[in-house]
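Once you scroll down, you'll see the structures, which are given as structure tokens.
You will see two complexes here that share subunit A, one where it goes with subunit B and one where it goes with subunit C.
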Partner chain A sequence: MADHRLHPITPLGHDTPHSVTIGPVTITEVTDTALASLAARLGEGKAVADIADTAGIPLPGSGHAAQGATFAAFWLSPDMWMVEAPFATHEDIVAILKPHFGETASLTEQTDAWARFDVTAPDLPAMFERLCNFDLRAHGPGAATRTVIEHLGCYVVIRAPGHLSVLGPRSSAASLFHALETAARSAF
Partner chain B sequence: MTQENRIKGGQIDRTKTLRFTFDGHPYTGHPGDTLASALLANGVRLMGRSFKYHRPRGPLSAGSEEPNAIVELRTGARQEPNTRATVAELFDGLEANSQNRFPSLKFDLMGINDRLSPFFAAGFYYKTFMWPAAFWEKIYEPIIRRAAGLGSLTREEDPDQYDKGFLHCDILIIGAGPAGLMATLTAARAGARVILADEDFRMGGRLNAETLTVGNHSGADWAEDTVRTLAQMPNVRLMPRTTVLGAMDHGIYSAVERVSDHLPIPAPGKPRQILWRIYSAHAILAAGATERPIAFENNDRPGILLAGSLRTYANRYAVAVGDRVAVFTNNDDGLRTATDLQAKGIDIAAVIDTRQEGDLLPGIRHLKGAQVIDTKGKLGLKSITIRHANGRSETLSVNALGVSGGWNPNLNIASHHRGRPVWNDAIHAFTPPTGGPKNLTAAGAAAGALSTHAALQTGAAQANAALEALGLKTHTPDLPKAEDAPLNLTPFWYVGEGKGRAWIDQQNDVTVKDVKLAKQENFTSVEHLKRYTTLGMATDQGKTGNILGLAIMAELTGRSIPQTGTTIYRPPYTPVAMGALAGRSRGPEFKPTRLTPSHKWAAEQGAIFVEVGMWLRAQWFPKAGETTWRQSVDREVLQTRASVGICDVTTLGKIDIQGCDAGAFLDRVYANTFSTLPIGKVRYGLMLREDGIVMDDGTTARMGENEWVMTTTTANAVPVFRHLEYVRQCLYPDMDVQLISTTEAWAQFSVAGPNARKLLQKVVDQDISDAAFPYMACGNITVCGGLRARLFRISFSGELAYEIAVPTRYGDALIREMMKAGEEFGAVAYGTESLGVMRVEKGHVAGNELNGQTTALNMGLGKMVSKKKDSIGMVLSQREGLNADDGLRLVGVKPVDPSKPLTAGSHFLDIGAAPVAANDGGWLTSVVYSPHLKSSIALGYLKNGTARIGQKMRAVNLLAKTEVEVEIVSPHFFDPEGDRLRG
Partner chain C sequence: MIINHPLLGPRDAQEFTYLGDAALIDRPDGMAFPDATAAQDAFHDYLYLRDNPAGEHRELWFHEQGDRSWLVVTRNTVTHEITKVEFARDVARSRGRSK
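Take a look at the complex of A and B:
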């Protein structure tokens, strides 16, 4: 990336990502991941799958997320995924992906459309059963879903046991963060 | 006062003493007590006054069906009216008060209603307060409400928090009595995910209230052991203090968990209650049964309880409601009360048994074929009068009477989908319908299986049936040995003798006489009976009275009880606090708040914010010395038009549209043509609904061969996206189009004014001269030394203007950078008010004009609807009624006297025309003060408007009581030729 002179702020409006610990729960703003939606053009599902395989981009099935060496992805809708990559090296993620996919896929930068909060706790289901209709007791690492948290359309991606990401609309980051904090206090 | 009525045994913790007050008097109780049990232990039987007649009342029951012992708990903001003392868990420091009495519970002035009862029979209100009609709302109803009140509200805000949540399981078991516990044990051992919910704070149901044994244990001990076993199982969630409120659709059950109601105040951060939505593949209703009374004269005195409840108080709470007790029963279960209480050392005066047949109880005066015909004791039972089988009457001195008319299965939830209960002749009660909620079955007493053995057996059987349906391994457990005695009930509903009132629905003061009156006046359907007498319409929903009432109606009309039927059961099963339904959505957290990328900066500038949907947008930016909003807005507008202004326009919807057919797709969703738009250009588009009415407007930019960015209005960002998805997926699935919202991904600012280009050129890395970046150009650029950005040369204000977008995280930095770059031009930030002023000056439509009633033609944009191609709404926009030559047209409006302010919403009237609907010429949609024209100006829809330009009319607002003479002008007040924006 060019060395421009604009300084970013986090979704919560800070210079560096904010983090809070409430009992066993830690909620952390995550800003070091670039996002792009990847949607196969009509009839190009196979081509996209092949290209993604070559490029090291996992394309998980519905309700799932997968992690590759550099890229990760979670499923959005039929033939559509959200691709994740390290922000430091992939800030202009569409420019990086476009040469791979050409006209077989539509790519859209989504990095700043979302505020991402990673939540860690030994017993996440006890907290998230108060937030959304995602049955965490029945799903483990690699599960991902679209759900609603306090009126906000969000993605929940289970990264590892006791560790998940909530991606919510960036403009409502403060409201979403407040909802997460409130649920953590309520549950533990 | 000491706990004079406390006896031995029970499931209370005597090592701890809890202090509480009732109507200001101090008492003590123990953990494990309810407010009712503790008051009864202290010799307090009188707990409330009835709804209509203000009759002194004590508890009838020991559970959630309670109609009488209705009290207010706590004080101040936490005061809660209309709670049942029989389920209020005692805690140290509880303050409880009786309600619906003045000045005191023992001496209630409104008790006069009882003397006037002949006037207050069923239908009294309907017949009496008919005239004059206008008196009902203002005079009659307030008086009646005060007299027949329930508890009072403090009108203070509830200080507690309520959560909502979602639970999932294979089998939901409703009720933790013997059937529920056995079902849970069976299902859990098979590996199913089970939730066991019970409204009580102690699981075990009737096992806690009886002396019956299960296996080698007392029932209570077996329940405790079983609960302990279940608590160790990871696939079981035990939810005491949780009432399942209803069966919703698709296997969803609602339940309220009382997390902190048993505490003085909730722990910090903890909710008082949680409203759960439980998703369950199967459900087993094991909610037990409710005992029903027998109606007889003066059967409502404090001290007269359901027979099973007398046992509950004695066995579970170690309370003797009276020291000399009688029992009135029509079944064998009632006899248990006599034997249990006698075993506790309580004097049993007699068992009055309506049945002739059957064995006599040994060692107890058991009167066969007898009836209780009257009682005495104003504030509490003192004696009962009985009629022996041989006709002789006798008065017995007793201070407690247990009544049992049989047991009604708690089938409510099984009938929440309108399934009609089924009459069971063996127990003379309704049982759950066969066509209830899918995958819900009933077990135990709720299914009409009233013995302990039958409860255990049906609990296991229904669990196995659910397991089988789930494909899990079934296993028939060894059932512990338990009693299996029949009920031996001979139906007996009410005592015919006596002229006084015999109560059916004690909470709503409905008597046998009221049912007779309803029948006499031909209100014989149960639905009419309910509404005419108010039977079952109180907060207890008639749990003890309904079946009795309809059985009496059946008898009076000569129909069978199943022919008479029941009213519809509806959720919630028991009353729910409004706070639990609201959850966290209250006050400022009623909905989420959306902040713009420049919010932090705007707040630092002292911006005044306005709610636009969920967004907070800067409305204007006051400067030192400005005392009114007009001063700020006028300055922002004038300075923007004179030099340059910057506005955060991120809130407008942005939709990324890609694919080989994206252009053709846009031709379908927009009324005008887009597929011909060159790459690097923007076009204004008008989107119609299928019915030809305008849905939204905005610009769409072609960023590449197959890449487009659509903007929508702020309000319609989501509806338009939803519409496009519908069109893509359902109408044109063969088109190659991909959509995703990017509203939040980009921070977008409008930079407008003659110096806009000069300012931006200091920020943008590329040449943006008019030649390089002409009017309606767009493109990918970089700013501030290389940050990727987008630039659109579009104008809402009518000025030379651009919209510039950067990834949202840089939005804060960009506005700071641009304001700094603009210092030399005197750049201003402007808010939504100035945005509005400038767009009205320019004659651009916005939300007020796009109101869902108007067409492109109305807006003066009729030519934009291309007839050369098919598009959504094109055909129906040609309807005759939408195309009249003299239809509404967008016009500009200015007052003839520039000092006169206009009022939005005013209607156009011809000079001299009367202000009636027939003369209505249209209305003013948007009104602003134009600092350029130094007057109010407006946009409006006027019939035949274009032809009336230059004419004078009146703008009349009957609500605001304003009338202004106006001149109809072109809607383009400012730079009508558009020279400035092309500059």
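Take a look at the complex of A and C:
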């Protein structure tokens, strides 16, 4: 096998995940998560729910996210979820999930399609009301949705009080990061 | 304008794109007509003829910047009041369309 001397870079182009602190806000690139979308095929909703239950993959209801022991997931659309797993052990996440679901679900590798930024701050609504239509004051931990940030379709997943993840298209990672930084400076 | 999504609750119309009259769901079956001319006429009407009511109108909206579901929204074109929002797939299935 060829000896490739290539090393991976983060969505923002660094060797290690970039992090910035602006007042009370910390914005951090997160690269240790593997992603795959899981779509139940027509009429297989019950089978997929049973398999996921056995495999320890939470399948939350609409507008929500859930964390299991190894796997986490957030809702994308009816009968469709994004499954998250630790990158170190689940880099080839589709190959790991496919034997469980077989022909009941369609799985698509999504890991490198997205740039994930985790934002922590005591008052996140003040920052995100400048960024998107998602009303953080009306939603608590465990809520997840897709919305528009800086003209980009992004997922916002509330992990815990004062901690959320923004997943945006990786090819626009720098624009999204800039928008987050600008909103943080503006809010605090 | 706010569209009350059946699953996600009230969402800004900014997140949606508009297609038009929900009658688009009722596409004629081209093979079910006695001859080609009748089928062509039916498809002509389906493609080009639309009611343009001043009042209640059922229309297709796509939640593009959300969960990407197609919705049938009943909207008053005079007042913009939205009285009903349904999933288009439920509407289609209730009419025997789409397995």
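Here is the rule we go by: the second predicted complex is superposed on the first by the 182 of 188 C-alpha atoms of A that agree within 3 Å, B and C clash if a C-alpha of one lies under 4 Å from a C-alpha of the other, contacts with A are read in each partner's own complex, and residues count from 1 in each chain.
What we mean here is this: a contact is a pair of C-beta atoms (placed from the backbone, for glycine too) under 8 Å apart; a residue touches a chain by one contact, two chains touch by 3 or more.
Just so it is clear, the structure is predicted and the values come from calculations on it, not from any experiment.
Novice: Return first, second, both or neither, reflecting whether A:63 touches subunit B, subunit C, both chains, or no partner chain.
Specialist: After superposition on chain A, A:63 lies in contact with subunit C alone.
Novice: So in the superposed three-chain picture, is A:133 touching just subunit B, just subunit C, both, or none of them (first/second/both/neither)?
Specialist: It touches subunit B and subunit C both.
Novice: Looking at A:148, would you say it contacts subunit B, subunit C, both, or neither? Reply first, second, both or neither.
Specialist: second
Novice: Output check: A:9 vs subunit B and subunit C. Expected answer is one of first, second, both, neither. What do you get?
Specialist: Touch partner of A:9: subunit B, not subunit C.
Novice: Taking the superposition as given, does A:99 touch the first partner, subunit B, the second, subunit C, both, or neither?
Specialist: In the superposition, A:99 touches no partner, neither subunit B nor subunit C.
Novice: One more residue to check, A:42. First (subunit B), second (subunit C), both or neither?
Specialist: The answer is both, since A:42 touches subunit B and subunit C.
Novice: Between subunit B and subunit C, which makes contact with more of the residues in subunit A?
Specialist: B
Novice: Where on subunit A do the contacts with subunit B and the contacts with subunit C coincide?
Specialist: On subunit A, the overlap between the subunit B and subunit C contacts is residues 42, 133.
Novice: Can you name the residues of subunit C that touch subunit A in the complex?
Specialist: 7-9, 11-12, 14-15, 64-69, 87, 99
Novice: Quick check on the complex: what are the subunit A residues that touch subunit B?
Specialist: Listed in rising order, the residues are 1-11, 13, 31, 37, 39, 41-43, 80, 92, 95, 103, 106-114, 129-135, 137-138, 150-152, 169-176, 178-179, 182-183, 185-186.
Novice: Write out the stretch or stretches of subunit B touching subunit A in their complex.
Specialist: For subunit B paired with subunit A, touching residues are 161, 163-168, 193, 268-271, 274, 277, 279, 584-585, 589, 591-596, 599-600, 614-615, 650, 656, 658-661, 706-707, 734-738, 740-747, 782-788, 806-810, 812-814, 817.
Novice: Would you pull the subunit A residues touching subunit C in the complex into a rising list?
Specialist: Residues of subunit A touching subunit C: 42, 62-63, 75-78, 133, 145-148, 153.
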